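Each of the next two complexes has chain A plus one more chain, namely chain B in the first and chain C in the second.
After this line comes the complex of A and B, so read on.
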């Protein structure tokens, strides 16, 4: 005769049963691929290769002495260093300006948001034309002012800043929308109180109310911008193909993995890339969290 | 009017909606004046116009005799307490209270983060501000809370911090926009008392906006009852209660609401209630359509009615308990009047049952009469006194 399970065990069983679908899905989609990636990164696996050798940490050691990877790392960090402050501050500035509009607000929102909705691969072609040394209107304008012709996309010292400007152009609209959402949650009363307390001037309003009240938004915007900036790929792939020393992390991984089929090495690079995003995001979140006020 | 506020012919419309139509009002120096009225009557807008947060379409505001119309809020020397306190959530209570002083005593450069510390006089001023903040905090018993953020404070504590922020720079007038409406009932009664006490101690001019007539009646020196963008009546709480100028005022002030009964007027100035001639006479030419009676003017009629009193009968629908007193709901045997409410003392209730037929009486002198436009009409006193009710 079957005896009833003790209630604690029965609860455990049904608990496991309920969490199983989510657990299985998470494992299949996130955990198993990540473990596979980690496993691959310790081998010399190449796509289609018949035997695989265990390399231990060799891939990682090689990565940090590989000049291409080092250049890609430097380029990415430079790119991130331009794009994060640029797109956060510019997004905030534009959001403040657009927020002050009443009737024309939605028009400006659409205009600034357009680059976000467009495909960067397609828009990169437009940028390529705009920045073309001989045909592009940008150089045409510069030349009319008496400046020499500038090869934005092939001059090694300019190529990463140029790509960063294109990245900015694409990301600012999204950050603006996030800041606008943040701005609309600031109670009007606070501005009234500030007005009566004598903090009604533009600088005081911004420093005493707007900026501190946007703390959580700013933190979110910074972290998401950081992640997006680290993942820069399409402009490099379309505009420079890594020429002129313009490789970035993702492009280097793409070359190793899908051009040279060195999956093991690419996996190791990917892990380094993930580690960078993780460390940067945590550091930023930590540092800002102390200053941010949550309502 | 040294510290008083003079409000003259203020007009305000938001788009097509007219909010204030020609409001004039003089707030005396040191007075506690309430603006009371139903929501949407324009009272908050008027307060915001006094503060300078809203600009009037026409009319003038003067504080302490000085025209304010083109001055910014901070130049008007008024402090405001908001309905939800509007405390800066990222600052401590102490920083909140200090804000008006910091703004007025430090220059823009000195207020800047980091850079401001370069100024040699900044530390001395900051010490002075801290001293003033502590002084005000002591008066309101919130010294222990100065380092907390508004999010860590209870409603009543936030209220006090908001008051302290208003008090700290000793303004000519305090403007309060429903400051007690977010508190629970018990705390509201307590804070009512404290606000009255504070007003007495500071001797400053208070303009207090509320939709709660009890708050207005209990705290104010004078009450301005507003509706539809106009002041219906301005007077002491006693005046508003005892001699309402219109039916709207009569119905707004007092709880339970004043009872109204339809009356008719004959050619000779006699007033009739449900076919009964009342011992009240109107001056010739004046016609009344409504009679109003406060619930306490109606008494249970035990046995024979006293001479000169008016008697009504009906069925006791319900007895409502309010501690020491009860409110009786009486369904009258008059076709147009559904029900009236009257006050009963606890000891009178003994033996009464819901559904029972009872008689009530009232004295003609307690009656308020209103014409078809809802305006108060005075009965003729001498004729009324001489006539004997049959």
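After this line comes the complex of A and C, so read on.
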């Protein structure tokens, strides 16, 4: 019919009009910067420079032979390997313990959540003091047990594990709150039914009801922890400044872009970093999605 | 006539009066690194505006460090939003001038100085201070903050170890001998701390070379420390750890330790003098002495850290006003404010006159030490090729490894020379 066309077109037009604000905002905030980043990563752009050279894939080739970047990559993977299982399991454990409290529950919630609300820059001085090899209480305690002085933040082999412990301290409280929310959605009658069926022990109840019912929460917590752990930056920036070979991915990018002013190379490293996060998140989401039981 | 029309006319008449009054006023915008520096930049701007009510000086929000401030300036250069004047770290000045000169966004201060006359210059600025702001023969900046490394010491520990706090040794061998004795005073006492391996920039490394009369690179732009002086520096660093009991700590932690009275001899900038004095309080007798020099000859000295003020505005009226401000900020009155608040050494010759700081220095001898080595000031240089920050980050890791004993000084030196030459070209 000849009249159908204009009305279909009008519909198309109004549809586009309605989606335009979201589309424009999305392109301005995410897509245009990402395209700029990709374009920059093929050049040798330096901040303030008047001429720019096209390098092709040179920046990426350089990244994988750059000892600092490789060290940053290794450090980040080690950090992630400690922080993800640590903060998810600890978060769950604390949530289970806190959930069982009746009157004191809110006090424990506040205590464990405090590190999340404190700013690390302000806490950096405290950590530096706590971990001071000579003046700090941590070493004071270790010394009383007969250990020698340990320079947690300067000894190259200990720096990343130390930062990971601080990372745990920062993240456990947040994960605990998420698990608590997950725990409170589990219907009580499931436990009652299990008891009738003879699954009365705490371990039994945990393995058969709590753990499977927490599936969606666990997946969410793991993915967000993974992304946060990969983005580790503030502890390195304020506590070690990358000294003693403690660079992580974001810190290496920050050094290149904001201290050495090699914007092109920093852009290439950022793309590598984005690829890492993307791949890890997809893998994890996929693997866990198959196992998660959505009630 | 409607109400609206009347209001508009009244507003127009007011504006006509207001405009000439506004035009007579020049507004200047400055920028500096390090939030702590606002403590003296604020009062200096206020004192200036009292003298020059026709000029208004404001500061942009600061950046945490020289490097980040440099980056912000480069960003503003691209978008043409540069401040009218800026305080650049000496080591970044060559890179700043190189980038901004090409873009015609920085002003040579030479002509302004010439206009003031030779007497003015010789009265106010020592040649060594002027040299800090010169790049390839042109006066791009004027020294504003300056500091050279000082030897801080715990006079109580020095005395206990049999040393004389009134006559501290002035060469490294004797300093080390004293440090080794202090180190034996107790399990929790460290003899000496020289945090070159964790320092944010290569200031203390340059100091170790300069005090032997050596340099970082030669006239042709080749590494010049791949010799006896470089080796001696690294060996000295290692003995700090082996004989002096030094631990490789973050520089903040090291300062905390000295402040707690657990370190005998400690090296840092006079800019920390006020902070450390407050930290020490009555815990022990804090003293300062000049940086030890093995070579007492002409070439020997100490690198000067700090920043120089540069003019970035293109507007002629603003340039005139900015020059007034620069003169004031590097003048005796403003320098007095800086010295009293920090311990930096004054960059203006007249500051030590009795009218300004004479009495202050007599009452606070610890502050005077920086002045006593002022004629030893050498420029704190950046590497050709504009990669100074990267060069230092690489060198620092090697130095720290040597200090920990993971590499011999010979191996470390070879690696440093190789890595540095690569990055200089």
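Just so we're on the same page, the second predicted complex is superposed on the first by the 290 of 295 C-alpha atoms of A that agree within 3 Å, B and C clash if a C-alpha of one lies under 4 Å from a C-alpha of the other, contacts with A are read in each partner's own complex, and residues count from 1 in each chain.
Just so it is clear, a residue touches a chain if its C-beta (ideal position, glycine included) is under 8 Å from a C-beta of that chain, and two chains touch if they have at least 3 such contacts.
Since we're looking at a predicted model, the values are computed, not measured.
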{"item": "Superposition on chain A - do chain B and chain C clash or fit", "value": "fit"}
{"item": "First, second, both or neither for A:190, with chain B first and chain C second", "value": "first"}
{"item": "Touched partner set for A:286, first chain B, second chain C, both or neither", "value": "neither"}
{"item": "Chain B versus chain C as contact partner of A:199, first or second or both or neither", "value": "first"}
{"item": "First (chain B), second (chain C), both or neither touched by A:209", "value": "first"}
{"item": "Where the C-alpha centre of chain A sits as vertex, the angle toward chain B and chain C in the overlay (nearest 10 degrees)", "value": "150"}
{"item": "First (chain B), second (chain C), both or neither touched by A:102", "value": "neither"}
{"item": "First, second, both or neither for A:49, with chain B first and chain C second", "value": "second"}
{"item": "Superposed arrangement (fit on chain A Cα atoms) - minimum chain B/chain C Cα distance in Å", "value": "46"}
{"item": "Residues on chain A lying within both footprints (that of chain B and that of chain C)", "value": "none"}
{"item": "Residues of chain A that touch chain B when the two form their complex", "value": "187, 189-190, 192-201, 203-204, 207-209, 212-213, 215, 293, 295"}
{"item": "Complex interface listing, chain B residues touching chain A", "value": "48, 51-53, 72-74, 78-80, 82-84, 86-90, 99-100, 103-104, 108, 111-113, 149, 151, 165"}
{"item": "Interfacial residue positions of chain A with respect to chain C in the complex", "value": "47-50, 125, 128-129, 132-135, 149, 151, 153-154, 239-245, 255, 258-261"}
{"item": "Touching residues on chain C, where the partner in the complex is chain A", "value": "67-68, 71, 74-75, 77-78, 99-100, 102-103, 188, 190, 198, 200, 247-250, 252-253, 256-257, 260, 262, 387, 389-390, 393, 396-397, 400"}
